[in-house]
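In order of appearance the chains are A, B, C and D, and numbering begins at 1 in each one.
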């Protein structure tokens, strides 16, 4: 039986980054993907951050299927029938090279995978890896659902996504906790390009991102989002699974209500729904991160909880972890070293040196703060919307009185100590 | 508000592996007699789990989006056996 | 050893093409390309014959460069060789022009190894004409066997084949000589799940690309738009069905009465249903 | 086939090749097997009549078969259904349908008498024959049409057919080739009135072929009644049950009705998933697509996933206790009520009706 230098399980951003980097360095790589084509099982918002990909494929802008580069970011806080928000739009975002793009993952991943094949890796689709093959404590290969389907390699890189079944089966980490994952559902709605551009006040190639919190999540910890693609809009909402479990809220009903919100409905009017998707996002942060390497194996991407929930970043962490895992293997190979746990610990060191760990450490307390303090998703959106309404209604009441009313409404809903405490908690968590 | 999730799922592309559901309820009795909340029947984003009225739950995986929600929220009883479908089968996203 | 050529086509997954219920416009975005599902029955049957008698299976398709994916997939199922006939000159071909080009390419294949059987699917899901198979058979002087539900036997020595062919109300059992061309009926078998060694072999194989000249075509008036007698003059969405069911109501509301009323109404308006029922019930 | 809408090349200036101008008239292939003519042939004669009147030409039937009373009778019937003339080819080689002699016979007839349009039923036989004939004659063929029309000015057949799994329609023309050929789906064209006062002339033509020329031999014919295979796609009558039947035991009522009708059994996805019937009986998006003459849907709500598999049925009877069930939006007939009481009544009504008819037939 042929033995490869590396097996990569999964062809998402982390797996593709790993396989590409390994193959480019001349290693023999086989990558196993369970979808009909790479991307067919993958779901993301989706925003692509250029930096991580640029480090892998510098010329990606000339080839990759990108939808729109983002020139405007809106942050909305929604009450039942209103929102208050900020917009940031800058012409600086219109200067190449652009920093952020909307993408359609099924198309993007297919492109990325073609690059992987061209780099020399064997990409095998429509094949599910069912188990890791162990020799004692050491991973020596994978078992697939195909006849004669065992594959062997010096190292197995697990890029199998948030559910991370393989590592779980092998006992590398326990089942996910409902408090550490969010469930997001979304739809893609097609609109004529001109309609979309005039509706969002953008030119060809320019895009808008809207991030939303507030009543749209019905008191659950979560956010909504709306992204503009070339001739479609992606709209979705995600909340913590523990909240879904407790409220027994139906995710599609939540999405449907959000779409009907008076501030949102006009933006998506007339859109032709072409796909409905659901996906889990690992949001447990640093505290929920499992062991990410061992004898003959490494974990990259979502399967290692590499997501920055606060900044809505995931695919860039995925690509970076994939690349760093690959670089670890390449340097060990070059030095003639074995893929043992102590040797692979270089991967962790590389991560610690990168923005990946630095950011995860910075925000390690955020999930806890939000879990313990529902007011961020319930009371505050209502209060700030009411405050705006009060200030903007011209009704003969002087502004000073209005300010007092607003302050009172805040303290009525939440004690002064509570308000100060919340501010402190946020400051601590974000510090 | 009444939402028909079947209409949403109809827009999706599936290759169903007939006769090989990739998710199974391990012990149906647990759902019927021990689980009081049956959150899978409302939280599954594809409505694969249905309360049958007599306390039991039926599971049809054809419309499954393979998210993993049902498995994780069944943490009290761990009564969901969840695997990926055979290679190439199941949901096939066109846009993702 | 038996040499089988299987003709396949890469088609858009037509089940994914939707007509918007409100605007009645055609929605084509994100429609993936697949192997024409009917062709899989042909390929599987060819592979079964190969498994049984030993042999060599060549898959061939005419299409754009991306159609290579379809051939690679066919290789992963166990086909031995794959040829992509691709040339700008083929663009706009209808079924007659397509059968000309494929027949010509099969003649080129025969130069390397005589062909005993050609397999095609019943029809494609994007054209549905069911005409390319018969067209190839005619041009290559192969015995034509359409709508075959089962290959009963193949005698490699006597060069004979016995098949079951679907016809109205039953199946014909036919015996003929090789070489012949078989179009397989859907549901006649189930495509195998490829083995890992075959998956790896397919990923490593270079698919052969033949242009017009390599496919042995000199007369360009026979291919592409020029060689196509038919032109598509219009593509449009059907007008949505708006007539609702006629609800059967009777004075009494008794089940017997409703059933009788329903039958009376139906048999009056749709006499062919009655005819069919008399035939089936007998 | 191209997906884009193409303008027929230079439609404005289109002029028919003068060598093709001598092709005149519309032919319909009269398909018969085991003593009966397929009704699609009569439907096509009715349609051909309308087209011929637009073009100002004659309609002819083509009858091929073994010598005997039947072929003459079929010619007579063709006149009654709208033909002005018949071409008759009788030969023992044409006893059972085989591609080779039928193709030879038909192409010879076309070359001898030159029709401008040739129509066949889109049956397995018709499509098999049409494909070979069109390739031999090197002309265009539009398969599986659901609508026909004529561009009178350029004498062009406008053949409309479903494409992309029926979600779209396209209209196809065969401009500078003759004859213009099309196969037409059964039961989409109206059955013409049978007019026994009509008559016409018969032109006989010999088949220039001998048995030893024909390589393919028919060993046997196995009627579907003799096989136990579930054959939903080709079933003419289907009785289908959904979860509205509540319990597996109640599904017996579906079997009872199907037995009386000689029907196949279908089911929805939840029924199959519950194991009430085998998976091969599932109708819908992830199951079979069916096109029977009669589809009886019992306890089926009519969700889109089921609908796409059966809404091309000729006649749909829906039985459901929920008057707002979507199935009533597209069924032909609906009964709102409890399937447990309606099903036995319906079974009984069909039994009476059909046994009365069969008794009559026996008496006659």
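Here is the rule we use: a residue touches a chain if its C-beta (ideal position, glycine included) is under 8 Å from a C-beta of that chain, and two chains touch if they have at least 3 such contacts.
Note that the structure is a prediction, hence the values are computed from the model and not measured.
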Chain with the smallest distance from its CA centroid to the overall CA centroid?
-> C
Which chain pair has the highest count of C-beta pairs that touch?
-> C-D
Can you name the chain that lies farthest from subunit D, using the mean of each chain's Cα atoms as its centre?
-> A
Subunit A and subunit D, separation of their C-alpha mean positions in angstrom | 53
Whole-Å separation of chain centres (CA-atom averages), subunit B against subunit D = 41
How many angstrom between the C-alpha centroids of subunit D and subunit C?
-> 19
Centre-to-centre distance between subunit C and subunit B (centres being mean Cα positions), rounded to whole Å = 34
Multi-partner residues in subunit D (2 or more other chains touched) are 285
For subunit B, residues contacting two or more additional chains = 9, 11, 86-87, 92, 94-95
Note the residues in subunit C that touch 2 or more other chains, in rising order.
-> 15, 18, 29-30, 32, 193
For this assembly, give the contact graph shape among line, ring, star, complete and other.
-> other
Any two chains that touch count here, so list every such pair.
-> A-B, A-C, B-C, B-D, C-D
Residues on subunit C engaged by subunit B in the complex (per definition of touch) | 13, 15-16, 18, 29-32, 193
Subunit B-touching residues of subunit D, taken from the complex the two chains share = 269-270, 273-274, 279, 282, 285-286, 303-305, 308
Of all residues in subunit A, which touch subunit C in the complex?
-> 2, 30, 36-37, 104, 106, 122-124, 126-127, 144-151, 190, 231-232, 272, 274-275
Contacts from subunit C onto subunit A in the complex sit at residues 18, 20, 23, 27, 29-30, 32, 193-197, 199-200, 203-204
Okay, in this complex, where on subunit B does subunit D touch?
-> 4, 6-7, 9-10, 14, 16, 18-19, 21, 58, 60, 62
